[in-house]
Amino acid sequence: MKSLLEITGLEVAYGQSQVLFGVNLSLAEGQVATLLGRNGMGKSTTLRSLCGLSPAPAGILAGNIRFGGETLGNWTPDRIARAGIALVPEGRQIFPNLNVRENLVAFAANRRAVAQPWTLERVFSLFPRLAERQANMGNQLSGGEQQMLAIGRALMTNPRLLILDEATEGLAPLVREEIWQCLARLREAGQTILVVDKYVERLIRLADQHTIIERGRVVWSGSSAELDADHGVWHRYLGV
Amino acid sequence: MGGALYRQSAQRRWAALALLAGLTVLPLLLQAVGHEFYVSFVSRLLIFALAATSLNFVVGFGGMIAFGHAAFFGAGAYTVAILMENGISSALVAWPLAIAVAALLALGIGLVSLRTRGVYFIMITLAFAQMIYYLFISLKAWGGDDGLSLASRSTLGSLPLSNDAVFYWVVLACLAATLLLLDRITHARFGRVLQAIRENESRMEALGYPVHSYKLLCFVIGGALAGLAGALIANHGQLASPSLLQWTQSGTLLVMVIVGGVGALYGGVVGAATLLLLEEVLSHFTHHWHAALGLALLFVVFRAPHGIAPWFHRRFSRSKKNEAPRE
Amino acid sequence: MSEPLLNIVGVSRHFGGVHALSDVTLDVVAGEVHALIGPNGAGKTTLIHQISGAQMPDAGRIEFSGADITRLSMHARVAAGVARSWQITNIFGRLSALDNVALAVQGRQRDWGSSFRFWAPVDAEQPIIDEAAAWLAEVGLAGRESTLAGSLAHGEQRQLELALALATKPQLLLLDEPMAGMGPEESERVVELIEHLGRRVSILLVEHDMDAVFRLADRISVLVSGRLVFTGIPDEVRAHPEVRRAYLGDVDA
Amino acid sequence: MRLAAVVSAVAATLAVSLPLGTSAHAADKVKVGFLSTLSGPGAGLGVDIRDGFQLGVKHLNGKLGNLPAEVLVADDQQKPDVAKQEAEKLLKREKVDFMTGIVFSNLMLAVGPQAFDAKTYYISANAGPSQYAGEQCNPFFFNVAWQNDNLHEAMGKYVQDKGFRNVVIVTPNYPGGKDAVSGFKRFYQGKSEEVYTKLGQLDYAAELAQIRATKPDALFFFLPGGMGINFVKQFVAAGLSRDIQLFAPGFSADEDVIKAVGAPMLGMFNSSHWAHDFNNPENKRFVADFEKEYGRLPSLYASQGYDAAMLIDAAVRDVKGKLDDKEVLRKALEAKRFKSVRGDFKFNNNHYPVQNYVLRVISKDVQGRVTNKTMSTTFSNHADAYANQCKMK
Amino acid sequence: MTQLILEQALNGLQFGLMLFLLAAGLTLVFGIMDMINLAHGSLYMVGAYLAAAAVAASGSFVVGVLLAVAGTAVLGALLEMTVLRRLYTRDHLSQVLATFALILIANEAVRMVWGDQPALLNPPDALSGPVELGGFSYPAFRLLIIAVGTVVALLLYWVVACTRVGMWVRAGASNREMTEALGINVKRLFTLVFAAGAGLCALAGAMLGPLLAVQVGMGESILILAFVVIVIGGIGSIRGALVGSLLVGVVDTLGRALLPWLLRSFLPGEVAANLGPALAAILIYLLMAAVLFWRPAGLFPARG
């Protein structure tokens, strides 16, 4: 299978302190992959570098990020986004001064002329609760609604790769389950997804392959079956 | 222990004393070559150095970007002028009162302004200074738009302050004393607390420091010293002018501080000297010297972003180890 | 059990429409290590903020040593004996490690004016320096006195943060994920340090490392979506089905 | 280390600037410090005084009292502290023999003491504060223009004589404005309402609305420089000119204002001690040459600048270039041995002029230009109200 | 009396709308880039001078104003790309210093090109007189200012509130990084915003020029007012800028008109005459201090 995303030997530093020491990751079109590891191990930094956010590009010391056959190098975040990477960031980062509808339509785009693009209607049918709260400002939503909005907002750009950073963090179990269901449906629709989260059991069911980062290095990678089989890995690296 | 600055203290002390000695004999030199005019010019420069230093204490050491320092500068000047108008000409009464009035004003303004932060602090200090400005220009009893002229300079014992050289020495003494005081403060407990607050305010609060009180006191000290500078400038030109209170004056002082070096002990002095000397020299060469000054300031912004004093320091100092990494 | 040192009664706090804490009641008794666990976003750090004074609750009461401290400022609470550490390292990066702790020591001398000294250079105050050095040694940073705090390793910075909190000589220590981002050896050292401290101060501990929590805690409270679900000794918590579902495993979701 | 660097920087900069100040005082020329408002809203007035003064020097072939004239021009930016600094440079560094040029009274009051302390004669070509006319009169101060109140007094008398009894007075909230009110009311006895504006104010919407509501039959305003220009423009644009007769002292209705406002000013009355249509040979030469030189009609400010040059010339000629004997020089100045473009005038005991004041009206001249036309004489040999308080020895 | 108040309200509205033209650009620059731009007033000055020159050259007020607006917008874009862009990541003090330097340079540049004397800019002849408004007459040109100001304010509101560009601007003001991560070139967006802001400055300069005076230094005093406006409104908020502008415009005008009259009713004439204008001048600063005291981030904080 031809890979959509190919990260090789990525080394990144915040100012003088290096955070990533050679991260490798590859992801094929239509696949769902996870990035696992305890807090502060470099997951978010990997995602941020991928999206061109600080400390990248200045902080990238070595390594290569290829996406859809192009080397991202020192691309700006907006160019990377237009190339088809959409981020659902940690903490949702909903625009508080835009209402729900605006949060969605502001960044809508179908740059690769997908036959069945994401539209307002499709997002609303995926998350009916958002339709009810269309006119509410971003900061008037509950945590779960904000999370749905963040996912919807990313989908509206019709991305080739959807990235979710701690998308279920701080959500009540039922709402969390709703997010998992949604991801499963996206997967069925053929969406390529990269997830950072900590619910290993749930992720094993959702994703195809997994990468574990420990102190800025990849310490384990493999398929869902392999991860499922090796609970020692869970314990050692994930503190579960 | 302590920072890199402190290790050089002996060297610095000698340099400071040498500079002080040089400045002390300057009037004699100028008189010898027939340029008495420059005695008055340098006095003015030193007074502005004092005013800028007082602002630098607030901005550089207290971490508060105040855009209304002219209020305290002008308040000091007007205190002296108003007292003079009412027959009190003794410097021993008027100058401490000028300091006290400016300090009180700073206390009031600081109490309210320190509720806000960032840009809002900049703007609220500006607003208060503008209020003071309009208050003064509208009160005819205090000279209104004309300002208040002083019949003579203050009297200071038997010192003939009307003599430009004598006045110069008094100004120099005030500046030297202020710098010594601030140098001690920054290395004393209070100064260390300020330094830490500037770096991490919430952590200081969590170590049990009433951060607000420290910042307020810093603001008041800065205001008080500006009051002293105001008392001196009123004596220098024998005029308390409302333009001392104008926002452009606050801006000029702030520019002096930034040019000289925010948080550097001599930043205010270097900044005032640079700006006033540039003005003096440039205006000789071109009618359009403001543009040249603007270009010079742009140079500072892009080439010496931490001001001239630290720039000199880096250029001429060999010891670079232990320089804090920027995060 | 003895009279509680810290008593939180019905504390609520919301941000806009989000209820970060709803009617939380909890106590910490003297000498106890009380762990607070719960998923991210459950309101643990928000609760620490209410106790330390970084934020004020919308409703409810906080008592410390029998006195109501609900409306006290942060520095006043420190003076009363409440100290905290942060989830994200919070130190003075451009000061030396020793100066960091010296500030904490200096701040503790609370007779009015102790830090309103304008003349004598601090560098000559040997008692403060000696005590600061002792605290550094206590947390395992002996020999690192003159290093700039910002250039210490991550784990060392966490240790320094602990030293800062300890040097205020608190009765109650609020520790917000003291082991976040630490390697196993460093974590072990911190666990030992807390075990050691547990004899002298009361500790409210927020931590994700369940091994450490179950090893250290005398009691554990579980916070989920801003509500206190359960408080009990470690074994009770481990056995509690709702807690397991809400936090520990998420196994049967 | 860095201190040493600072020392060298200071020294280096001083070294650069010092030689520039070198210009020894020579008895073989006359140095005049011309300090005036040459930038900002009030610049028009200063520029006119300067041009008038320099035309005078030109008429005298670049000489004053047969000595080569050196005129050092400085800009006070209409700020008292700038004025003081510039004055200090002129007095102490350049050691000028005479000072002149200041437009505004508040600047005059700031600079005056410096000139007097330096025993340098100040020849005011405009500012005539009441202080220097009364108790604070000074042997080193001469005024070749008028005392602040005079033109207002003349206008007050005319308004009174014409039977207006409900007048609004608009002036800035500064001492010159207060003087204007008291001057006007010294001769006007009817009902009056005073409106004070900020000095330098440019938008009068609020004030004009108040005036409209007051329904006066006449309005007297004294707003120097650009203020007056804006006021008249906005007054006419608001439609007030149809019901309210405008009066102003000459300096609010002179060529600078007319040039900026134009036709709307037609029919406005004002008072002056000079007009460009005065029929005497000195004035004809002055007006013709000024127009030729600068391409515009002179204003009364220009005439005052011209007279200031003539006064200095006459006095220096009188003392035969011996400028060091201040007493003799003073006698020569008081004697005023020159013919003024305004006709004759003499100095009072307080060194302010005793002269005629005329009424002018703005109308179209034979060439169709909007300009002032002299109507009648309001006061003859009029002195100011403060002279008797002056105890000049 | 009602007529007087109506007329004063119109005056306040006119002043407020012009302030809004200045404040709109300033607040966006401030909000999106966290940049203190003291040189904003210089764009207003340059715009007014360009308008004076263009009106004189073209003989048409409308053409002149449009040319000035376009020219200043281009100038603003150039300034942003050459100097200001390099300041976004710097601290506020550096921004203050650099843009202060720009003020000095701009003032001298204008002096070199157009001289020390104020430039002449008159309203079109047709609008130089008054018009009758149900019982009282009001200057036609001021009415035009109100009309232009209202149209531009509505247009701006529409752009910011209803168009995608407006959403990007608002999004950029509250969270620049996320806006970029969603595919918006905020850098270019910002150059556009800056150019638009400069164009609005020029429009304000061209409209106020005939009323006030086109002269060197005209930008500084009004700059302070614009800052007051955006601080009251909440930095980064267009709605805040509009409310702040109208508030400042009305408070300033009514204060100037009514305060002396109010004071006179219970104070001796001399004191009232002294205090009135002073208090009126202070009033807006009092307003700002009061707003900041109770709402330390302004009335409509954009960040949230």
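Chains: A, B, C, D and E, in written order; residue numbering restarts at 1 for each.
Note that a contact is a pair of C-beta atoms (placed from the backbone, for glycine too) under 8 Å apart; a residue touches a chain by one contact, two chains touch by 3 or more.
According to UniProt, the chain labels map to these proteins: A, C = ABC transporter ATP-binding protein; B, E = Branched-chain amino acid ABC transporter permease; D = ABC transporter substrate-binding protein.
Values in this document were obtained by computation on a predicted structure and should not be read as measured data.
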| note | Going from chain C to chain D via touching chains takes a minimum number of steps equal to 2
| said: Comparing the two chain pairs, does A-C have more C-beta contacts than A-E, or is it the other way round? | reply: A-E
| note | chain A and chain D have mean C-alpha positions lying a whole-number Å distance apart equal to 76
| said: Can you compute the centre-to-centre distance for chain B and chain D, using the mean CA position of each chain? Integer Å is fine. | reply: 37
| remark: Distance in whole angstrom between the CA centres of chain B and chain C is 42
| said: If I count partner chains per residue in chain D, which residues reach a count of at least 2? | reply: 173
| field | Residue numbers of chain E (touch at least two other chains) | value | 111, 274, 277-278, 281
| Which residues of chain A are in contact with two or more other chains? | 139
| chain E residues touching chain D - in the complex, by the definition given at the top | 1, 3-4, 7-8, 11, 14-15, 111, 116-118, 120, 123, 128-130, 136-142, 210-213, 215-217, 253-254, 256-257, 260-261, 273-274, 276-278, 281
| query | Where on chain D is chain E touching in the complex? | reply | 38-41, 43-44, 47, 173, 194-198, 202-203, 205-207, 209-210, 212-213, 226, 229-230, 233-234, 236-239, 260, 264
| query | Okay, in this complex, where on chain B does chain E touch? | reply | 59, 65, 112, 115-120, 122-124, 126-128, 130-131, 134-135, 137-140, 247-248, 251, 254-255, 258-259, 262, 288, 290-291, 293-298, 300-302, 305
| remark: Residue set of chain B touching chain D in the complex reads 8, 11-12, 15-16, 18-19, 22, 33, 35-38, 40, 44, 137-138, 140, 144-147, 149, 237-239, 241-244, 266, 269-270, 273-274, 277, 280-281, 284, 309, 312-313, 315-317
| field | chain A to chain C touching residues, read off their complex | value | 17, 38-41, 139-143, 166, 169-173, 176-177, 199, 201-202, 215, 239
